[in-house]
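Have a look at the structure below, then the notes.
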Amino acid sequence: MTSPNYPSHECGVFAVYGHPNAALLSYYGLFALQHRGQESAGIVAHAGAQTSFRSVKRMGLVSQIFKEKDLEELAGSYAIGHVRYSTTGSSNLLNAQPLSANTSRGQLAIAHNGNLINALSLRLDLEKRGAIFQTTSDSEIILLLLAQPILKPEATHPLGALRQLEGAFSLVIMGEREIIGVRDPHGFRPLSLGKLDNAWILSSETCAFDLLGADFVRDLEPGEALIINESGLHSEFPFQTKRESFCIFEYIYFARPDSNLRNINVSQTRVRLGQELARLHPVDADLVVPIPDSGIYGALGFSEELKIPYQPAFVRNHYVGRTFIEPTQLMRDFSVRVKLNLIESYVKGKRVVIVDDSIVRGTTARNRVINLRQAGAREVHLRITCSPHRHACYYGIDFPNPKDLIANEYSMEDLAAYLGADSVGYLDIEGMVRATRLPKESFCLACFTGEYPIPFDTSFDKFMMEEQENRTSFLPERA
Amino acid sequence: MTSPNYPSHECGVFAVYGHPNAALLSYYGLFALQHRGQESAGIVAHAGAQTSFRSVKRMGLVSQIFKEKDLEELAGSYAIGHVRYSTTGSSNLLNAQPLSANTSRGQLAIAHNGNLINALSLRLDLEKRGAIFQTTSDSEIILLLLAQPILKPEATHPLGALRQLEGAFSLVIMGEREIIGVRDPHGFRPLSLGKLDNAWILSSETCAFDLLGADFVRDLEPGEALIINESGLHSEFPFQTKRESFCIFEYIYFARPDSNLRNINVSQTRVRLGQELARLHPVDADLVVPIPDSGIYGALGFSEELKIPYQPAFVRNHYVGRTFIEPTQLMRDFSVRVKLNLIESYVKGKRVVIVDDSIVRGTTARNRVINLRQAGAREVHLRITCSPHRHACYYGIDFPNPKDLIANEYSMEDLAAYLGADSVGYLDIEGMVRATRLPKESFCLACFTGEYPIPFDTSFDKFMMEEQENRTSFLPERA
Amino acid sequence: MTSPNYPSHECGVFAVYGHPNAALLSYYGLFALQHRGQESAGIVAHAGAQTSFRSVKRMGLVSQIFKEKDLEELAGSYAIGHVRYSTTGSSNLLNAQPLSANTSRGQLAIAHNGNLINALSLRLDLEKRGAIFQTTSDSEIILLLLAQPILKPEATHPLGALRQLEGAFSLVIMGEREIIGVRDPHGFRPLSLGKLDNAWILSSETCAFDLLGADFVRDLEPGEALIINESGLHSEFPFQTKRESFCIFEYIYFARPDSNLRNINVSQTRVRLGQELARLHPVDADLVVPIPDSGIYGALGFSEELKIPYQPAFVRNHYVGRTFIEPTQLMRDFSVRVKLNLIESYVKGKRVVIVDDSIVRGTTARNRVINLRQAGAREVHLRITCSPHRHACYYGIDFPNPKDLIANEYSMEDLAAYLGADSVGYLDIEGMVRATRLPKESFCLACFTGEYPIPFDTSFDKFMMEEQENRTSFLPERA
Amino acid sequence: MTSPNYPSHECGVFAVYGHPNAALLSYYGLFALQHRGQESAGIVAHAGAQTSFRSVKRMGLVSQIFKEKDLEELAGSYAIGHVRYSTTGSSNLLNAQPLSANTSRGQLAIAHNGNLINALSLRLDLEKRGAIFQTTSDSEIILLLLAQPILKPEATHPLGALRQLEGAFSLVIMGEREIIGVRDPHGFRPLSLGKLDNAWILSSETCAFDLLGADFVRDLEPGEALIINESGLHSEFPFQTKRESFCIFEYIYFARPDSNLRNINVSQTRVRLGQELARLHPVDADLVVPIPDSGIYGALGFSEELKIPYQPAFVRNHYVGRTFIEPTQLMRDFSVRVKLNLIESYVKGKRVVIVDDSIVRGTTARNRVINLRQAGAREVHLRITCSPHRHACYYGIDFPNPKDLIANEYSMEDLAAYLGADSVGYLDIEGMVRATRLPKESFCLACFTGEYPIPFDTSFDKFMMEEQENRTSFLPERA
């Protein structure tokens, strides 16, 4: 599979402790988090110590995967769930999460949002100690680390093994007697705590609390491990403290508009991104047209700031499925029209601003400009509510190879010409940060700036090859 | 199945004559018409005279139903297609369309949008003449009528059998050498002609032409039968002329916003419906909030007319599927939140106008008001871009029983109290018609006014029972 | 699909009147009749007058097709069922039986075992009168004939329409108030009446009665229509009397060994066929080896008559499925081994007689001889418990084209050489008939003798083409 | 699931080294071994070092599970396969074999026939060292042992880890550069080596070689590990030598009649078992009737020895599927009839001997006697070609709990009365052994004698509970 035109959503995690219908709540929770991963979903549940963990994981959407009999089988008051769009690990059922296993700590299950950057060295080290791996997912490594015996007497913290992890990880872990939520010490990805009656809930985003009618309690802190068991909440900080590096792209693109991240509403941030953009790159035009649905709030902010009428001239087809048959050569520009149809009469002879949240490869943006030109727009101005993407993300977002990013291929001057637009305007770093109303130094901006909070070790591939060549035969060595 | 809270979409029909990939075009065409029916879909295709009609019909969405091998099997340059939400006939595969058969005129297939009001008497009459029926669909009657021999020498028109039909019918018919489009003499439902290269296309709505990159040619006229064969287009008018009675609800709710009906764009009509409504029922408020997606254009018109900011405060979950497991009693107001989540921070302490296109049972509207109240809205005003629904539709729309229509249960005064709103305002008949810019007398307004273009005969049930009781035994009568 | 090496089983029919679990009994009945058709199966059931007929029909085996919820849905005390291996009509779900419809006689369903020889002319005649056909099955014609109005006052018998049928038909018909069993006047195919408590049962073979624990009552007579309704059994004879022509191949190959046909047990008849064969073509040998399972009883009779030990040296793999992947060129003689494996040690250096029930194309027989030669058999003698097949069957058996029948390709002298056998011996007509202990003139022997009880009209194809060319256009004729 | 009336088949294993279509050969091989396990099947294949192992495992029969595209995906010249009827581990896809993993030795896959008796202690020991388990199958333990680092310098044999296994195991192991076959030092279960052109094949039974047209080379010896790699065959003996203990029940019931075990043909052994039985328990009777298919060869031997005619009076229904719907109370004795139907006319008034291979719970045998009595048999004598089963098997056969074994419930005197038979005769140990023509001391006879080649440790359950209670919390211990 080639990398998509849009950055891929990553994953969402969810957990329930202490509700008689824990799996059903997880089903609704995952349903609310579906935008974070549409490839596979899973729930693991159990009914307390000494009962078996039950697991249902399948490829597809939450509403298609789980049937009533699945939820009946997932009985119990403990559950964790996961929606997934693969980043590492090929994209199949074997890698679907949560992962579960029997260990010396009893049964364990985990679900992971994020990406480890030292997965390969951890894995080779574990293999050398006799571990076997049945998936290519980096999340299996976490499960194994949790199961390792505590060898050094001074290393007494049972979660101390997680100190070996480097990278982004918001985790939910289920043991026989507890649910644990963990955020990596940089706090790349969100994880929030909620409460519904007497049950505790962990969720990647707060929109899941709204759906359940649960109350938001607080976000987990970077580096926090929150253990929930029969004696209540226990907050541990097993990691060395790091600078907070929350992914700003969660605000711009990933998160649902109705979620609050770090107590800031996402849709309102997007309106402010549009306002900042309007101030930075104003334009004299007749209409502001959003690319639905990602550009809607940015376009409203842009429209409001410049007092240019807002006009939803693109109509979205809600029935485009995963399995849609693509025409091959049959019809020119078909893929341009299949998701969005432009209502010609709105834009004919008009000066149009189109607002979207990001440009990755540029293909989609270019097609939208062509749409508008064919429909008779007099001028087309493209405005983007983030800065140009120029660098890879190693913390869980599946951007294309940097060489395929349009901002690396064209100078800002040439880009408008390539896209066929009269002008192109990106928001700058300062404007993005201002729109969030949070301090700049609390964000990871690496995909825009190339400044990575954790350096990435590029010596892996060589290391791996050497290890593999040293693998021993099954024949004994003879003298 | 109980009648839904929203009026049900009916059906969409599509046909291609003279394109080497007729079935593939039909697939895309049905995909564009998916909003008119999500229950089942089908395509029948053939490769010219003496070749077999091939048919693929299944329950589900177009993008789920058809696989590449299906389209390979549906080879040929003739095809018709159908998407369906059942009105008459129970909702299963047997009743899925197109229907096809071998007849004395060779192979025939039809797809039907609309509803016959004399279906039962036609059926009993055909049964008495020896016909058998394998579906409960009124469309099978049409197929049988087309297959009947022409008995009276003076009745020479091969389509004359269709004169017996009363009610609403936009049909596409496929014979071994022709494609035929038919609109009933009242013209209740739309049907348009388009052209793609050398191929002719018939479609319920023009948005399908946009997707295919085809050119709109013209609408079929009420009472027209357009025969397309190797010698070109042949326009016949086999019916007695009637007053045109186009369904105004196609503009208000059914049709896609990017379609043009009778050369008038639907989304622009909806903006004007919002403007008319603002003039009829103005209100002093802080925000205009649409119910997505149906209320978006009406809310924009309302907002624009009164200069009140437009704010999309409800966020829609795009992943709600047909098979979603409903919670039973578990969570209060769950169904209120599952499709739409309200972003509280927008509406807290504000005076809010919510705009939707219609109220049928009132349940949904009431829930939206509760949402807003719980989120702290100071005032909630409900504005509806059509008149109150008070009467049944016999021409193809599946409204609830009139006694369950909210406008029949409450006086306008009591309705606001019931819904919990500070005020409720419906558009009037004159405003609706003005927004379309077409003459009032060309519309069917029966669901609002109770004035039916064709009287409905209520003596059917009695008639049927008598007929069935007279059914003869298989034993011979003995003296 | 090419014609198989073995003659194809045709169909089995089953019906229940008056049992609270009529569909469940039908399920077991069809299961017992599975050997008569493995392609599709179906049951139609209802709960008495004014209740809807429910139908479940699918491709596959009875034990795979029907789930408990299917049988729950098929509630009621009336049911008919069918297992099918297609003869006419392409082999798909549309043609699966029972067929059902709404008619002027109320709801009707039928299931048919046999083949009509005047299907095409009946069909064209019905089409001219306005009938439409949705299957290519000749059974739909029967359904339509039953639905036709009785036009001539003197033709008062409601089943009189069946007089138009020519060919082989054992039918079960279900109306709203009755179950009807019909055998054609020649009595080509079996149909028996049984009783379980107060319920009446119709079945193609008596083995289904054994499974149900029902009592065999009697066979239906040729030309009998047995109407079962609330007043009991009514025997009608609507047809002109014909010479009985029971298919002798039912004894030799089709029927299950544990069934009784015309009160004669099938397996015992097969033992006698082996004895007759031993007397006609004796041989000096060490072992009699059956081809399982078809040759087992014949081999026992042969062994017993000549006092040569019986040895089941071929072991059958019971798991060969319909969807088995055939190797292409990879392994020599694979298909020879996949169903049967020869135990070499039995036959090495021995003089072996192999006994089978028939040779059609000769491929399988030839492979068995090769098996034995490769395993070191000293002599191989082939003995067949019927006469050479030389003619087509028009009454329901799917033999290959006569030109592909091995007995038409080789003289008896050359056949042993072609098959690689030391000798080949077929039973003669007189021996076959003697083994049944029934009069020769009561059998159809057409596939052996070419003497057809009903002459087959070869003018059909020409007739059909002319009719189709005369089909009228949908355009009116203009002066 | 309750234990079945018949002992359950265990598993079959298969492997190919050095054939371009290794997976396709495995498919045919597993198909030939299908009788050893019908619950799930799987193949893992690869195309040489550095290529990924591909795996297809599903529930169901071999012919249903694998499609052509599966076999295309399983490309390569290395493959191992497995058919399974679960003994330990619940019976689902997770436990289906082969199991595969990434380890410090590269990719590994194994398939296992047999049962470990020290599985639990091995597992708890591995867990304490940090291993995690994703199945409940004892075969996963073997995979993990193979992956463990060699800690002690003196323990240089890479397969030395297998020395920890106690119990029955015939294994095929696939590494990146080799295929390994292993038989436990007792040699409980069979494993044979074959050759097809230049490819080496391992199979549980020789019947798979016959199907492939491969040559049988030799059986693996007890305790042998045969490593097949690019330098040829390498035979290792990593285990301490034990007394050979081949399961005699493989001859009596499990193996296919056309297989040779230890160079002795199975069907011929069964004929001799029947002869031995006739000599030990002769009877004066009219007919010898086998219970198909298991009793066929024993009945032939019995018939031959006493010169009593052999008569297959029970007819088997070949279409009884796994998913057959059982009637509940509806019909008396239904389950007695559904698999076998007795042809009454053979046995009426006759003295009948029925021969079967074993009696476990007695239910089936009792039903067969009832069948015969109801059909009018004058005398019924039951003869069993093995000794009474009185003890559990810990080496891979799933017998019922010993307290449910009929031979433990009734004295030999009472047993005939309970079963309704005129007499019952079992073969004795000496007769069984004589029929195999192999030394008595080379067999495991534990299920008959209670003398277990490896003592079974009953302290496990207690041990497990204590371990689990000691499991540590995730909270750190505080001072």
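Letters are used for the chains, namely A, B, C and D, taken in the order the chains are written, and counting of residues starts over at 1 for each.
By our rule, a contact is a pair of C-beta atoms (placed from the backbone, for glycine too) under 8 Å apart; a residue touches a chain by one contact, two chains touch by 3 or more.
If you're wondering where the values come from, they're calculated on a predicted model, not measured in any experiment.
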Maximum centroid distance from subunit B, chain identifier (CA atoms): D
Distance from the mean Cα position of subunit D to that of subunit B, given in whole angstrom: 62
Distance from the mean Cα position of subunit D to that of subunit A, given in whole angstrom: 48
Inter-chain centre distance, subunit A versus subunit B - centres from mean C-alpha coordinates, in Å: 39
Interface hub residues of subunit C, defined as touching at least two other chains: none
Category of the chain touch graph - line, ring, star, complete, other: ring
Residues of subunit C that touch subunit B when the two form their complex: 100-106, 108, 123, 127-134, 143-144, 147-149, 156-159, 175-178, 180, 227, 229, 234, 236, 468, 471-477
Contacting residues of subunit D [partner subunit C, same complex]: 21, 24, 27-28, 31-32, 34-35, 38, 61-64, 66-68, 71, 207, 210-213, 256-258, 265, 267-268, 293, 296-297, 300, 304, 309-312, 315, 317-325, 327, 330-334, 337-338, 341-343, 345-346
